[in-house]
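Look for chain A in each of the two complexes below; its partner is chain B in the first and chain C in the second.
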Partner chain A sequence: MSSITWGGAALDRARTRHLLQEYGVYAALVLLFAVAVVLNTSFLSIGNIRAQLLQVTPVLVVALGMALVIGTEGIDLSVGAVIALAAAVAPLYLGYGFVGMLAVVLLVGAVSGALGGAMVAFVRVQPIVATLSLMIGLRGLANIINGNSGKPVTDGAVATLGIGNFLGVPVMTWVAAGCVALVALLVRRTTFGRQLVAIGDNRQASRLAGLPVRRVLVTVYVISGVLAALAGLMLVGYSAESDPSTVGLNYELSAITAVVVGGTPLTGGRVRVLGTVAGALFMQLIAAVLQQHNVYQSYQQIIEAVIICFAVYAAQERGTR
Partner chain B sequence: MSPTALQPTALPPEPSPAPGPGPAPTPLSEQLAYQLQRRGAPAVLVLVAAIASITSSAFPTWGNISTILVGNNFVWLLALGMTFVIITGGIDLSVGSMYALGGVLGAYGAQHGGSALAIVLPLVVGAAWGGVQGLLVARARMAPFIVTLAGLLGARGLMQALSNEGATTYIVPKNSFFASLGAGTWVPLVILAVFFALGALLLARTRFGATLTAMGGNENAAVLMGLPVVRAKVLVYLLSGTLAAAAGALGAARLQSGVTTIGVGYELTAIASVVIGGTLLTGGSGSVGGTLSGVLLLGVIHNLIDSHFSQYGSAFTDTVNGGFLAAVVLLQTLLSRTQQLP
Partner chain C sequence: MVQQDPAARSDRVLEVVGVSKSFAGVHALRGVDFELRPGEVHALIGENGAGKSTLIKVVTGVYRPDAGRIRFSGEERHFGNPLEAQAAGLSTIYQEVNLVPLMSVARNLYLGREPRRFGLVDVRRMNREAAETLARYGVEVDVTRPLRTLGLGAQQMVALARAVQIEARVVIMDEPTSSLEPREVATLFSVIRELKRQSIAVVYVSHRLDELYEICDRVTVMRDGEIVHTGEMARLERLRLISLMLGREMSSVRDKGSTAFDTARHRQREGVPALRAQGLAVRHRLHDVSLEIHPGEVVGLGGLLGAGRSETAKAVVGALPTEAGTVEVAGRPLRRRSPAAAIRAGVVMLPEDRKVEGIIPNLSVRENISLAALPRLSRACLVSRTRQDEIVDFFIQRLRIKTSGPDQKVSDLSGGNQQKVMLARWLCLNPEVLLLDEPTRGIDVGAKAEVQALIDELARDGLAVLLISSDLEELIEGANRVVVLKDGRVVGELEGEGVSEQRLLDALATAPSHPEDAEYAEYAAPEHEEQPGPEEQSGPEGHKDRKEHRE
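Let's look at the complex of A and B:
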């Protein structure tokens, strides 16, 4: 009898851990939001929520692509540089109208992603180095294109994407919501999503099972590049200028943080889209609360570091490594 | 990044007992690929330096050479520590922040307590920070990438807290012993040479070095052989943190102040130097000598770009850097794959 109770207790502990891993980030998000509101009721004001959304949305868009890449046991360090490249290219093609410019910018993102993806898929370079070389090279290229200086961007459509409102919610957040829905569908309802997760779990087995490993890998990095380019355009619209030496700096870190805090394991084989959304919101909320209560940026960074470590440790499956 | 990934090591192919009759001889192409992958960097370095010396009279002057040797903010030491980490199959992204923290700590120590404190304080903090990272990697079994990413944020936060959000700049007193460590060419060069000599001995001639190579090749096998894998891992990150902080302190001594905006992206330069030097990112193979030539090669190339293409600015340097790194990594991966073919 006692052994059964003991087994039950162990089972309970396992279940608690499982629940924490699955829903911990949502609970933490709600809790933190409640704390933020209690500490400062003006946190609920439309103006503040809008400001927070404008800040978190580009990170979220980048993080969606990053979640897919991490799902394949990869990493994409080049997203910040792709943002800069998109920002540098955008003003050059404004003459073709918004749609033409959008097409060119997204194409630039796709090509950048394809470069990294091809290195990872065909030559089997480690993702971290392949995208690292792109990260260094592409930002340099963006600076060359823009002549090492910022350019003002005064296009109406770009500004709408950056700071416009639709039904009281920023336009870019609507766009991001669309991206979330698409990526969620992609992961859950398509063959591609299944293949992606299978490759992340075990690349060798997937290849032997006849999955198109290389095509899926390249596509994943292309998606990440396209989403980063889209985020770049959002940032250009938000700041009404294109400065490749500063735009998108450290976005790769913010995106990886959002994905990891959202519970996607770095070891691949699983993509949590809604978790990533919650992770991005959580990190934004932390930063906002600390900022509003005048905590220095230095302590903010240290707190963020601790959160990352804790989230990864909590999300880790025991005994599998 | 996972140390247990199915990555064959790139050790020289032993004449293994093949299923056929007698040991199979190593094909020439494999030997060539191995030599090129391991010794490509010094060869290219000699080649580039020779061409530069012939085509430009400004290149082989002592002033220019000393710029190449000590003008890179002591990224040497970051790359040395990174070599050890990468040989175990890990990565340390925190070294750039640790460089800045070491510099501020060194300048703080020099201003408030004298040269002894200026030397001891960065080393102790660097060792402690690296040791904690090592414990998280080795004991809690967290991915090195993410632990040191958090370390990157945390160390920079600590540095900013110490400098009152960058508002306070600590000054190293002139004519102090600490300032003389970073001044001129010869003193820093001798310090770097001593560190590299010790590092090369540690990796190639000690039990600790052999353990690192073994666990980078196959961690599970190393554990089963009874090697002290956990201890070695902690020590590797501790070493990397200490060296990064030491580099930062040397940099502060040279600049005579603790610059807070320095060090961003240095981890990338360090990783690039190590990779160019022929150390495999999958772990299990690499050398301190390779890293030495990797750092030198990057230094020479930067120097050439600066002197010949300075009108295009630093953006051009970045682009060439990225392209060069990509080319080297592609070549290395192809070469090491040649050896893995059965």
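Let's look at the complex of A and C:
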């Protein structure tokens, strides 16, 4: 008898765990949103929602690329510095019009990503070391380009990307939504996406199955770089200035947090795109709620830490503990 | 076989009595008795999974035995961990040296018991004594260099010197020569003889039979977790030794075995071979291996563990960097050497280690089957779900893969069904050449028969198949021809009526060993050369060869 009940309990625990892993972040997001509204009905005001979206969107864009990198069992610490580099380069090419400038900025992001990816795929440096060196070096480069001071950026198109609205929703959020759709399609439906996941799960087997392991790895870091550069442009538009010494600081950590809270395992082999969106929104929401209720920032940080620990704990596979 | 003379009991430095150990219900050791006398070199041999390493781990305290007793130096001991065993005088030297690669040679030698002066490590004395000690082991190097800058052989000597210095009474060597060069082997043997003189007992695990006969006094043969023979090394014939290991009685070779192969299959061997490999060389592993497979032919690759069978398959598809050799597919040379290039040319390999090299554990059955074929199932980089499902459903049915559906996680399938998924991954590429490394290992009887029948069928359809198997019966009945490898060289080929267990055992036992000086010349190249790291690389020789072929 007792053994049967035990078996049932174990089964229930496994199912609960599975549900928690798959849908926990969405449930937590909805719950937190409800709590925020109940505590303060003005949370639902257009102004507040807009402000929250403007803050979270650049993080989300960076986190999308980070999710891909983490899916290959890698990590990209350089994204914050790529944001700074993009911010530094943008004002220099405004003369070529918005499209020309956009092309150059995204290219800068791609090249930065390619550097990191090449180090990982060809030189076989650990991802954390390769992108750490880029994180340090690229921010230095950005400061040199910009002469160590903030520059005002007054271009209309950039401002539209940063603070403009379309149908009542920030333009940058529309852009980010497009990125989410593209990345989701990439992961789920394309050859590249499936190869990426396979490589993250078992690299040796993937190589023996003839997958282009190096090409996929480099491409993943390139995508991460491009998305970071795009986020950099959003931030320049938002603040109407380009200051490479401060812009994008700690964005790599926010992005990793969003990915992890969203349920993508750091061990690779799985990319959760919508989970990452939910993870980014959740972290933004919790910060906003705590802030609006005047919780000291120090306590905020401690609460965030607890959430990250819990997310990692919940994401662990059965039996691997 | 073993004299159980009570008077001689005190003469056993290590005694294992009735030890059993099982993992998750699988018996790894079953009532094993083993004894070791001071000053003897005792060979411990057996195929993969015979229980050798489990026995060593039980003795040295890595595992706790389920039953049985272990007596060390006359008293019953159960070590809690290998360190405890080492402190008591039972040292193990593993294949991979387990020292600290970044510390100096001398530090490694004295780690944990450095000579001290005024409470500090007396570095000068330590270095001087380390150099003196190592010289006796034939290692004359600057002892202040980091250990990892030494060749593997020298590192192993350091490990050995360390083991002996801790006043070992028993030294267990697990495949000590697998990465040694011939003259290092000679040094090792002289060290072992020195140990004998000091009455230190040595347990010697190796698959190189010549070495066993050269250095060992007694031998214990294990199979399926049991001891099947213990006795004097010199009195055990080679042929008998091999049949003991493989579990085949020489007298009872049957005409028709229990495999699912159709032995009356016709053979054809004309025209251009589907695969021709020539002069393949992989550092320390393969020396000048050549073979040909014609369409419709199943060529077996025979040999004992460590003979270079898997390495041959891997070298052919470019999964191992080769130093020399060429591969032609249907007469056309393979220029780039990588698994991807081999697959494009129609050569695919089913790897031996399904878990590590085969399945993508978290992906579904569907994705595991279609993994290699993804580019072919895609249009404009988008995977066509219809075409993917078509091919996946076809193979699930054709290979009778038991799964709850294509969406099931592959790691939830049984071993046999995982193996079928692996086969499906390769078959959906329509390959010309199929290299199968232990295709039926670790799968249940039913799946085994199905896989064997499939191999037959594929060959009849004109596929060229290379079959690697430790199951002699499978090899004999499945293959039209058997190429026999030993120590990384082709030492024989059995064909037609000559394909029999008797002949195969003979070939394994009597194949000549290569004279050391020949091997020496080959290795005379610079010593601390690194393995060519990244995939797709090959030595300058390989490059030259390929050029010649192009012309």
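The definition used in the following text is that the second predicted complex is superposed on the first by the 310 of 321 C-alpha atoms of A that agree within 3 Å, B and C clash if a C-alpha of one lies under 4 Å from a C-alpha of the other, contacts with A are read in each partner's own complex, and residues count from 1 in each chain.
As a convention for this text, contacts are C-beta pairs under 8 Å (C-beta built on N, C-alpha and C of every residue); 3 or more make two chains touch, one makes a residue touch a chain.
Model, not experiment: these values are computed from the prediction.
Participant: In this superposed model, does chain C or chain B come into contact with more residues of chain A?
Facilitator: When the residues of chain A touched by each partner are counted, B comes out ahead.
Participant: Look at A:141 in the shared chain and tell me whether it touches chain B only, chain C only, both, or neither; answer first, second, both or neither.
Facilitator: first
Participant: Under the stated touch criterion, which partner chain does A:298 make contact with: chain B (first), chain C (second), both, or neither?
Facilitator: first
Participant: Kindly classify A:278 by the partners it touches after superposition: chain B alone (first), chain C alone (second), both, or neither?
Facilitator: neither
Participant: Is A:211 touching the first partner chain B, the second partner chain C, both, or neither of them?
Facilitator: A:211 contacts chain C only, not chain B.
Participant: Now for A:62: first (chain B), second (chain C), both, or neither, which partner does it touch?
Facilitator: In the superposition, A:62 touches no partner, neither chain B nor chain C.
Participant: Considering only the touch criterion stated at the top, classify A:124 as touching first (chain B), second (chain C), both, or neither.
Facilitator: A:124 sits against chain B and chain C alike.
Participant: Check whether A:226 is in contact with chain B, with chain C, with both or with neither, and answer first, second, both or neither.
Facilitator: A:226 contacts neither chain B nor chain C.
Participant: In the overlay, answer first, second, both or neither for which of chain B and chain C A:256 touches.
Facilitator: first
Participant: Where on chain A do the contacts from chain B and from chain C line up?
Facilitator: 124, 204
Participant: Residue numbers of chain A touching chain B in their complex, please.
Facilitator: Spelled out, the residues of chain A in touch with chain B are 73, 75, 119, 123-126, 128-130, 132-144, 148, 204, 253, 256-257, 260, 266-267, 296-302, 304-306, 308-309, 312-313, 316, 321.
Participant: What residues on chain A touch chain C, complex-wise?
Facilitator: 122, 124, 189-192, 194-195, 197-198, 201-202, 204-212, 269-270
Participant: Would you mind writing out the residues of chain B in touch with chain A in their complex?
Facilitator: Residues 1-2, 4, 6, 91, 136, 140-143, 145-147, 149-154, 156-161, 165, 268, 271-272, 275, 281-282, 312-323, 325-326, 329-330, 333-334, 337 of chain B touch chain A in their complex.
Participant: Tell me, which parts of chain C touch chain A in their complex?
Facilitator: 317, 319, 339-340, 342-344, 349, 351, 356-363, 367, 371-372, 374-375, 378, 381-383, 425, 533-535
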